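Here chain A shows up in two complexes: once beside chain B, once beside chain C.
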Partner chain A sequence: MKKVMVKLDNVKKDYEGKKIIKGISLDIYEGEFLTLLGPSGCGKTTLLRTISGLEKVSSGKIYIDGEDVTDVIPRKREVNTIFQNFALFSHMTVEKNIGFGLKMKKVPKSEIKTRVKEVIELIQMEGFEDRKPTQLSGGQQQRVALARGIVNKPKVLLLDEPLSSLDMKLRKQMQVELKRIQKKMGITFIYVTHDQDEALSMSDRVAIINNGVIEQIDTPRKLYDAPKTKFVADFIGESNQFNAVVVSTQNDEATIKLEIDLEIKVKNNHYDVGEKLTVIIRPEQFRLAREKDITNCFVVKTKEHIYSGSFTKVLGKVGKKEIEFIIYNDDDYTKNEEVKLKFSSDDIVILEENNEE
Partner chain B sequence: MQRHKHLKNLFIFLVFLFLYLPIITLIVFSFNTSPLNILFEGFTLEWYGKLFSNTTLLDALKNTIIVSVVSTAVSTFIGTLAAIGLQKYNFIGKNFINKLLYVPVVIPEIVLGISLLSVYTLLKLNLGLGTLIVSHIAFSIPFVIISVRTVINSTNLQIEEAAHDLGANDFKTLTNVIIPEIMPGIISGATLAFTLSLDDVIISYFTAGPGSNTLPLQIYAMIKTGITPDVNALTTLMILVIMTVLIISSLIQVRKMKKEYVR
Partner chain C sequence: MKNKSKFLYLSPVVIYAIVLILFPILYILFLSFQTNDNYGGIIYSLTLNNYIKIFDIVYLRVLFKSASIAFITTVICILISYPFCIFISEKKPNVQKILITLVMVPFLTNSLIRTYGWIVLLRKEGVFNSILQALNICDGPISFMYNNMGVFIGLVYTLLPFMILPVYSSVSKIDKKVLEASEDLGANAYHTFTKVILPQTLPGIFNGSLMVFIPAIGMFFIADLLGGGKIMLVGNLIKNQFLVSRNWPFGAAISIFLIVITFLLVKLYKKTGGNMDDLGGF
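Up next, the complex of A and B:
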């Protein structure tokens, strides 16, 4: 059984009567890389700040390593934060910046020196010890900010969109580096981002936050393959969503009718006739249909072809509904006004909720 | 193009001539053997010698130094903390106080001088070094606050949270992070306070007592009987002091800049 490092128990936060965090409960395990992912303004930063103690919760409890820290001030929590804008001390050298936390904890000078040296090696910034933050590039400042946190060996490191101000290439490089450092130090990371690629590629688990609540928390793979809500399906990757209604049920098969006036057969999941559903089909789950295929087929009027290396993304319409699908470039496909697509009912996701509610 | 450049240079030359000619004249005449500021007749250090045997002047010098050093230190301290507090805390009337700060800066000094004097009279305080220092502190504080605040407004305030997050208490955060971070503003505020105090005549005129003449007041008294070469010598010395302070303060800045940008 993994040890729970951070436990949020029905945490709520209001600002001037406006509910920002609406009751979040969450267990984060020791050594885990957990990402909070969600659209801008959904409350990611606020949630992170309640864990660091920089923001007081309105109600609920927060435990770190089993201890109730709900009313503990920030400097007494074994948590460090990497701020989005780094918040480095510009009058201090790199070495002094990194050693600040240890100095405040009255760690002996000689030990500070060796520990700072260790993390400087870890972040590969040897030779920069005497520079001031203004003399560093964005990526270097980022690494110093990271080092300033991890040198204290906190139980939990909170990172608020630490890579958002870096360019694409540096960001990719830093993602790998962050992951390497996290593995090496074994520190629990709670990472905030609104970049889904970043979230999916780095995290052990991702919590999708929308409007102050967790929509779903799962491994990146599960989030993509088995989204539990329409929001998650939409937010992670591309998806075609159809409102549908159950027409008839046989033993292990159900016939449902999509909003585009098309009946398809899917696996029966204790559906009732007349029940409303949402069918989610990822663009890559469509295959080109052959003449003999009859069930679960779409006839699509194509509108636009977007070439993208190994595949081509195609935008089209079925009736009035816009859909999106992918053609691999080695498929036997010629650009056509009309194309017939099929999909396997094993792949697609069906949610028991509906837009028309 | 070429003519333009010459015109520009000539213009700059004239501006500097206008600014510095009086000062240069004054310095030159302070070495003049003739007591009249009309013709330069020969070189002498006589007036400087006279200056240093003039005990009234030396007393005035001593007072000036005491007043400007003490008032600079106190107003810098109070002004810095006030600027930090005004930034950090929200309270009713904060906006009003922020605007109010500019009042002492813009009202005529003579008004400030008279109002300070009437307060002292009301409180039945004896005019002297004490009242002089308090007055100088009073008019310097807004300048310090304004100059510190400019720097605070341009610093990343999250450093305070970062310091707390890293285990610093409020006091350590103030002394180890905030103050060093806004030091440029504090230094320029202090320089401003010092130079304002050093050459203040009007407010000092109202709030100084019998034994607490400052140099500017003394000079003012002396020129009532005409500008004598020893006044020239004295003002030359004052220019020297102010130049030294300015040079030191800009040397500090230049050295800091070099340290930060040389790789």
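Up next, the complex of A and C:
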């Protein structure tokens, strides 16, 4: 049984009459790397700020390491935040910046010195101790901001889109770095981002937030393979979503009809005849069909080919429905007006429509 | 081609600076090494006498008095404008713009005229004294002017915008996130102010101080009008040398002396770790 480090109990936050967070409950375990992922304005940053205390909750409780901190002011909470624009103290040197938190906690000077030296080694910034933040590159500033947080050995480190101002290459590099440092320090990380690649590549678990509620919280793999809502399927990776209706049910098999006029057989999950479903098929789950294939097959009119190196993304239409699929370069495929595609009923995800809203 | 057009764009500024700033200063510098005759004329010679004369006890006293008045004026301006700027910076951006524009409105009227306005308010039968006596707050009239107080009121009033603008520019530049970071890292309100806000606004305060202190030394008309001629600022001294004593070389020497002091103050600021970019930053 893993220890719960942060517990959110039905946290709500209203701001100027608008409901930003509409009741979120969440357990975050010790040493976990949890990401809050969602589109901008979904409430993920606000949620993070309620944990740091920079934002007060409207109702609900927040526990850190078992202690109710709902009404505790930020500086008394054993959490630290890494801000989006780094928020470094521009008038202090790197060393002073990193040591600021310890100094405020009245840690003896000699101890501050050794601990600051340790984290400077950890972030590989030896020799930069006396520089001012303006004399550092974006990536270096990011490291200093990170060091300024972890040097205090907080129980939880909150990261608010810390990589968003870095360029692509640096971001990838820092992702690896962050993960390495998190593992080494064993600190619980709560990470906010709107970038799904970042979320999927670093996190132990990802909470998908939309409109102030958690849509789904799961491991990155499960989020992709088994999304529980249309929103999650759409937000994580690419997906084709089909409306479908149950035509008939046998014991453990059901026949459903997709909106592209295709009947397929799927596992019966207590479906009723006439029940509405949503079927989700990822672009890479389509395969080119051969002449002899007859089940789970349909013909697509292709419209656009987008070449992406190892594969080509193809946009097509079945009737009025837009379909996206992927052709690998070694596939026996020539650009064609019409293509026959197939898929396996085992791969697809079926959502019961009434789960929605 | 490109360099040529660049020069063309810059030429009005360059010509302005050379003709109206550089030449007069060079002329003043030249004058300061000359001697005057008894009728206000200039005898061309090369002498340091004018500079030596500044260190005469009579003039040193004026310098000292003038510097202390300017210093106190500067401190009062800091004390008024700092809270004011923090107050403004917490308003919405549009409100901030309006308030800062209001600070600059007095510039639309000549400062001499505005100083006359203060006389109407401050004199013995003036607006303030009438109100105070009508409300029975005091018996006799209070001497608001023709003394040190009049000079301070005049100087602070005239120079306050020059403090507010640079201080506001540095206060408003502080990122709210940085203050949150400070709080997040365990600093209380006092430490956030002394360790984060104050150091970051120091360039603005210094910039404002220069822009208040230097003119405050020289604002002779305020000392004349509100000080009743009893208070002698360095500005009065220079004015008197040029217009009354007709000793242009000595007046020029004092002027150059003031310019040198200004340079030294900026140097001092640089030495103490100040950033020159911050000084021009408003």
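Simple rule for what comes next: the second predicted complex is superposed on the first by the 353 of 357 C-alpha atoms of A that agree within 3 Å, B and C clash if a C-alpha of one lies under 4 Å from a C-alpha of the other, contacts with A are read in each partner's own complex, and residues count from 1 in each chain.
Rule of thumb we're sticking to: a contact is a pair of C-beta atoms (placed from the backbone, for glycine too) under 8 Å apart; a residue touches a chain by one contact, two chains touch by 3 or more.
As the structure is a computational prediction, the values presented were derived from the model and not from experiment.
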Inset, instruction - Once the two structures are overlaid on chain A, check if chain B and chain C clash or fit side by side. - result: clash
Legend entry - Partner chain(s) touched by A:Arg75 [first = chain B, second = chain C, both, neither]: both
Inset, instruction - Classify the contacts of A:Ser52 with the two partner chains as first (chain B alone), second (chain C alone), both, or neither. - result: both
Legend entry - Contacts of A:Thr219 with chain B and chain C, given as first, second, both or neither: neither
Inset, instruction - Give one of first, second, both or neither to describe whether A:Gln135 is in contact with chain B, with chain C, with both, or with none. - result: first
Inset, instruction - With the two complexes superposed on chain A, say which partner A:Met104 touches: chain B (first), chain C (second), both, or neither. - result: both
Inset, instruction - Considering only touches as defined above, state whether A:Ser344 meets chain B (first), chain C (second), both or neither. - result: neither
Legend entry - Partner chain(s) touched by A:Gln124 [first = chain B, second = chain C, both, neither]: neither
Legend entry - Set of chain A residues, in rising order, touched by both chain B and chain C: 52, 54, 74-75, 79-81, 83, 85, 87-92, 100-101, 104-105, 148, 152
Inset, instruction - Sort out for me which residues of chain A touch chain C in the complex. - result: 52, 54, 74-75, 79-81, 83-85, 87-92, 100-101, 104-105, 148, 152
Legend entry - chain A-touching residues of chain C, taken from the complex the two chains share: 175, 177-178, 180-188, 191, 195-196, 199-200, 202
Inset, instruction - Flag every residue of chain A that touches chain B in the complex, lowest number first. - result: 52, 54, 73-75, 79-81, 83, 85, 87-92, 100-101, 104-105, 132, 134-135, 148, 152
Legend entry - Residue numbers on chain B that touch chain A, as the complex places them: 155-156, 158-159, 161-169, 172, 176-177, 180-181, 183, 259-261, 263
